[in-house]
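Below, chain A partners chain B and then partners chain C, in two separate complexes.
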Partner chain A sequence: MSLSKKVILIGHFGVGKSSLVQRFVHQKFSDQYITTIGVKIDKKVVQVDGFDVTMIIWDIAGEDSQKKVPVSYRLGAHGALYVFDLSRPSTYENLQSELDYLNQVIPGIPVQILANKMDLVNDTEREDILDSLSLEEVLETSAKTGLHVEEAFQRLAKKMV
Partner chain B sequence: MFEHISRIERIKLEMISPLSQVVIFHTNGEVLDTCDTLIKVEAKKSVFDQFDFLKSIEEVFPGLPVGEKLVFDVVEWNEGAEGLFALEFVKFDDTRIQWVILNKTKDQEQITKVQQERNDSAINEEFLEIQRKYLEMEKALLDYKNEELHRVQKFKEQFFAEVSHEMRTPLNSISGLIDLLRSSQSEGSTDYLAALKATSNHLNAIINDVLDLSKIEAGKFSLSLSPFHLKKTIRNIVAGFEHSAREKGVKLNLEIDSTIPVHVDGDSVRFSQVIYNLLSNALKFTDRGHVSLAVTAERSSDSIQTLAFTIRDTGKGMSDRDIEGILEPYAQVEGQDYHQFGGTGLGLGIAQQLIQLMGGRLGIESEEGKGTTMTFQLEFQRSTLEPVQEEDKSTTDLSHLEVLFVEDDEIGTVLLKGIASEMGIKGTFVKSIEAFELEAQERPFDFIVTDVNLPDGDMISAIEGLRSRSGLNQSTKVIFLSGDDKEILDGLQEIENHDYLMKPIATDSLIALLCVEEPQVTINLDNLRTSTQGDGALMKEIIETILETLPLELVKLEKAQKEKDQVLLRKVLHKINPSISYLGNDRLINQRKALYTKVLDQEPINNELRNFCDAVTVALGVLQIEKGRL
Partner chain C sequence: MSKAVGFEKLKEILLEQDREDRNELAQKLEELDQQLNDKEKLEERVNPILTDQEGALKKNFSGLFGPQITESIKKQIKESQDEVVEVLYPIIGRMIKKYITSEIEKLSEKVDAQMELAFSWEGWKLRIKAWVSGTPQKDMVLSNLIEPKIEEIYVIERNSGILIGSYSKKESLDGDMVAGMLTAIKAFVEDAFSADAQELESIDYENYKVIIKSFKSFFISVVCSGGMSTAFKDKLDDQLLSFAEKVLIKAKDGEEAEASQELISSGLEEHFNAFDDVTE
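Entry: the complex of A and B
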């Protein structure tokens, strides 16, 4: 039996959501920034415990607040990847309240937090930032180098099944 | 509402509105109707199987309330059609969903442009903000550094102002004392001289402290390593404080662990300075009770011995803040009065830094009103060598020396006269190059001690002149004195057989130069050459005779002196006259003559004979070399 799951990619604009999808689905990366309009859908089949899981990925245009994202885009989501950009404080400064809000509007679904653009910060900077956020289960990723990208989707798939 | 649209109308709609499409499907997904204007939708089949997008929200439709719209403003479509679409779903009865698709591709450019600009500018702004904050932080750091620099600068200025104030006090007394000396001619002059000496010693100590400190600060300070007698060194320093301790009524204790090594390798001068500074500090602040120094042996290996030093006093003590302050070299315990306690107050700072240079750390524990304990540990290398015995200057007798002093400065002259009289040196004092040249032609000297700059010229050139002419004092050793670093003195390096002392000169250093250095004895065989009319073989024969006989005569002279045999003395002094003349050394010639006259006059001769014999022996050594050259 094949499972189909709606995964939403959310977070501020320019944090690398589309780049993560691009890396995950097409193994490509571009330095150019072309913002996503509305939502762009893509999919990839992953294996979880021997089952095929079709991840239907909704790459939603980034906003500086989740409140600005139309409710319909999140409707029926089975899991979310919340992405922030380690090189831009504004993308993680209000992370906790963003997560609280998500918990209200899409309760009970697994949310994996991704600290993207790992390649742009050094170890101390990254540690400082992550310490200040004091969140569990943040995965450091880089769409540019491919670091932890596969793992990010895989982890979420496992939680959704 | 769409079920009311007739086929005609639908066609019209297709023609006039190719930008939209309507699909009717069952909540279970089955396609009921479609107008395939934009995308191909197969009837009868499930929309969920045809579009992943719908498949992923399949579960939403059964629960969607009747009449409620589900809107997706903009979807980038890539399933069956490329472009930008607006999607709208309405459940118009219990089971059917009407899906309207609007093609917005023609607006894509416009929408994208607006959003891209908004995002780009927000991101740019953020980066600019980050940059600005970073620059701000850098500036703050720079400001802080500047402030710190400024603070240190101010501190140093203040410090130097205080120190120069300190220096002015003894300087004032020095000039006052000189005036007194001038006006009082000679009466009471020895007292004034003593006072002058004490004052200038004090000033000298201040200057040395400041110089030491600035050298340590600049990292230009290096320690020398040579064997020295540890216990003796410590005992001597403590002994030096005994008098002042007794006067104050303070008990001075010294405990030295008997197991500490006798000889160690180290910088004895700097080590002494540490002990001296710490003891003098302890004594300075202690008015009753005791000051003690304990030296104990700690860890030890075959070659290394760690020693612990503890200086304990029952003095006025310090607060923690005082301790912090006192170790900062340019600081003073607040309110400390130089005049009350004397010194620059730099002693502790210097001791601390020296201990650090030697690899230790000074620890201070103190309680106000109770006293202070200072501790430090140093590692010493056990010495395999015996220390070189230093001659005790108080027992050195320099009365055999004749020294020509050239100094125009009055204070300098007073100081040099003081040294000369203290050591019994026969000094001739001149104040100009002209006078110097007259004296130098008049008489042979053992040393010329001279200032570098004189009112009528510079002495380096004058000495070069003297050395270039054959005659009296051609090779007399010169000791230059100057307030300048010797590196900046032109031509000094070219002068052979000289020494150099920086002003203010330390008496000890000058005495050391005068007594450690064996005065050089030169010979001049011109007389002999004339007498033998250049006959080399004859010259050689005569020299051999001198080399054989003169040493025997010297033995006789000493014997005669010991036995007070005036007749023999006179005979031998007379007999050696030709040999001495042939050596061509004016000083020896004059010395012999003077001795002979004294013996004739029945005057006592003491050290002069000893010195004369020593000098002749040296001259014979030179003669031996000269003979080889013939």
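Entry: the complex of A and C
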């Protein structure tokens, strides 16, 4: 049994969204598309509970606010990965309001939050940041080392099925 | 007269000519020095010579340097053939394609003009056919000369860009990703340029055209090659509408998504496999 799901990858500019996709899939289209039309499509099939889930990943150009992302790119999304950079406070300072806005424009879809670039901060800093955010189910990732990248997509796929 | 005075007198008589020559030489040297060090005077003397030389060089340049330049270019091309081919091939290839397409279009116009004048049976037949079908005569000739063909068809869910069926005559890129990119491009163009729910209807790319037909919950992208005639477009429109009516709606009612996708893909094949053979 197979399913196709649209996944949007969002977050500020330079948080490592494209690098996470690069880690997760063998890319076929050039990153140039992001600078040209603001999005690039990638695909990866994962197995979840006996289902072949085809994740069509919309890697959307980074914006400091979700309000700036074209509405049409979010339409019909079955799930979202919200990425922030642990080493740059500006990328998670307004995280709660960004998530509220996302829930308002695409209600009911599962959102997996990823705290990326964990290789750039030490354990104490990381714990402090995550405590201050007080969010459930934040997954710490590193596109550089590949840590938890596969798991992040798997977790979202499971929530979407 | 003393001996010394006499000697001086003799010297004066004997060397008078030399002294005059020396003075004249000194004067000439001074004039020459002035000419060399005075920019204006030097230009006055040298410019006419340079102008003459420049004219002569221009006149004889190809004769003087042509063989060496030609030899050097030949050598460079010979030594870097791969690079030259790599640079020239795409440009020349496209130019040839565009030239041929444009020439065929011109030819079809000429044929049309000729047929209007001709009273042959073929001319009348084509004219009657064009009149009955409502297709311009030149379109019919053009479509006969460079037949339009359906290369690929993608049926795509409108908002998500998920591929719900596809048909292709050749090995193509991953359909899921093409469907996503087409949706993104469509969304980008419509967001950027349209007002009041206007929609992107086609994308032109060299000799290919992507025709987009939008429905309520999905859209169909048809990749075509060749010369697009009005008859072909009409026929394609009819087929797409009939396909949407018969296959898509039926498939949408199905319970299983996979079964729907299979049904749509096989429906596409059934509907469009023989399409190019019956365009007329």
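Note that the second predicted complex is superposed on the first by the 150 of 161 C-alpha atoms of A that agree within 3 Å, B and C clash if a C-alpha of one lies under 4 Å from a C-alpha of the other, contacts with A are read in each partner's own complex, and residues count from 1 in each chain.
Here is the rule we use: contacts are C-beta pairs under 8 Å (C-beta built on N, C-alpha and C of every residue); 3 or more make two chains touch, one makes a residue touch a chain.
Computed from a predicted model, the values in this text were never measured in an experiment.
Asker: Put chain B and chain C onto chain A via the superposition and say whether they clash or fit.
Answerer: By the criteria stated at the top, chain C and chain B clash after superposition.
Asker: Between chain B and chain C, whom does A:3 touch in the aligned arrangement: first, second, both, or neither?
Answerer: Once the two structures are laid over each other on A, A:3 reaches chain C alone.
Asker: Looking at the overlay, does A:14 come into contact with chain B only (first), chain C only (second), both, or neither?
Answerer: Touch partner of A:14: chain B, not chain C.
Asker: Would you check which partner chain A:88 touches, where first means chain B only, second means chain C only, and both and neither mean what they say?
Answerer: first
Asker: For A:75, decide between first (touching chain B), second (touching chain C), both and neither.
Answerer: both
Asker: Tell me the contact category for A:51 with respect to chain B and chain C: first, second, both or neither.
Answerer: neither
Asker: Which partner chains sit in contact with A:64 here, chain B, chain C, both or neither? Use first/second/both/neither.
Answerer: In the superposed model, A:64 contacts chain B only, not chain C.
Asker: Tell me the contact category for A:35 with respect to chain B and chain C: first, second, both or neither.
Answerer: Touch partner of A:35: chain B, not chain C.
Asker: Quick check on the output: what are the common chain A residues between the chain B footprint and the chain C footprint?
Answerer: 4-6, 33, 37-39, 41-43, 54, 56, 58, 70, 72-73, 75-76
Asker: Mind listing the chain A positions that touch chain B in their complex?
Answerer: 4-6, 13-14, 33-43, 54, 56, 58, 61-62, 64, 70, 72-73, 75-76, 88-90
Asker: Applying the document's contact rule, which stretches of chain C touch chain A when the two form their complex?
Answerer: On the chain C side, the touching residues are 157-163, 173-174, 176-177, 179-181, 184-185, 187-188, 190-191, 257-258.
Asker: Show which residues of chain A lie in contact with chain C when the two form their complex.
Answerer: Chain A residues touching chain C: 1-6, 28-29, 33, 37-39, 41-43, 54, 56, 58, 70-73, 75-78.
Asker: Provide the residue numbers of chain B that touch chain A in the complex, in ascending order.
Answerer: So the residues of chain B touching chain A come out as 52-53, 55-60, 70-79, 84, 108, 111-112, 115-116, 119-120, 122-123, 126-127, 130.
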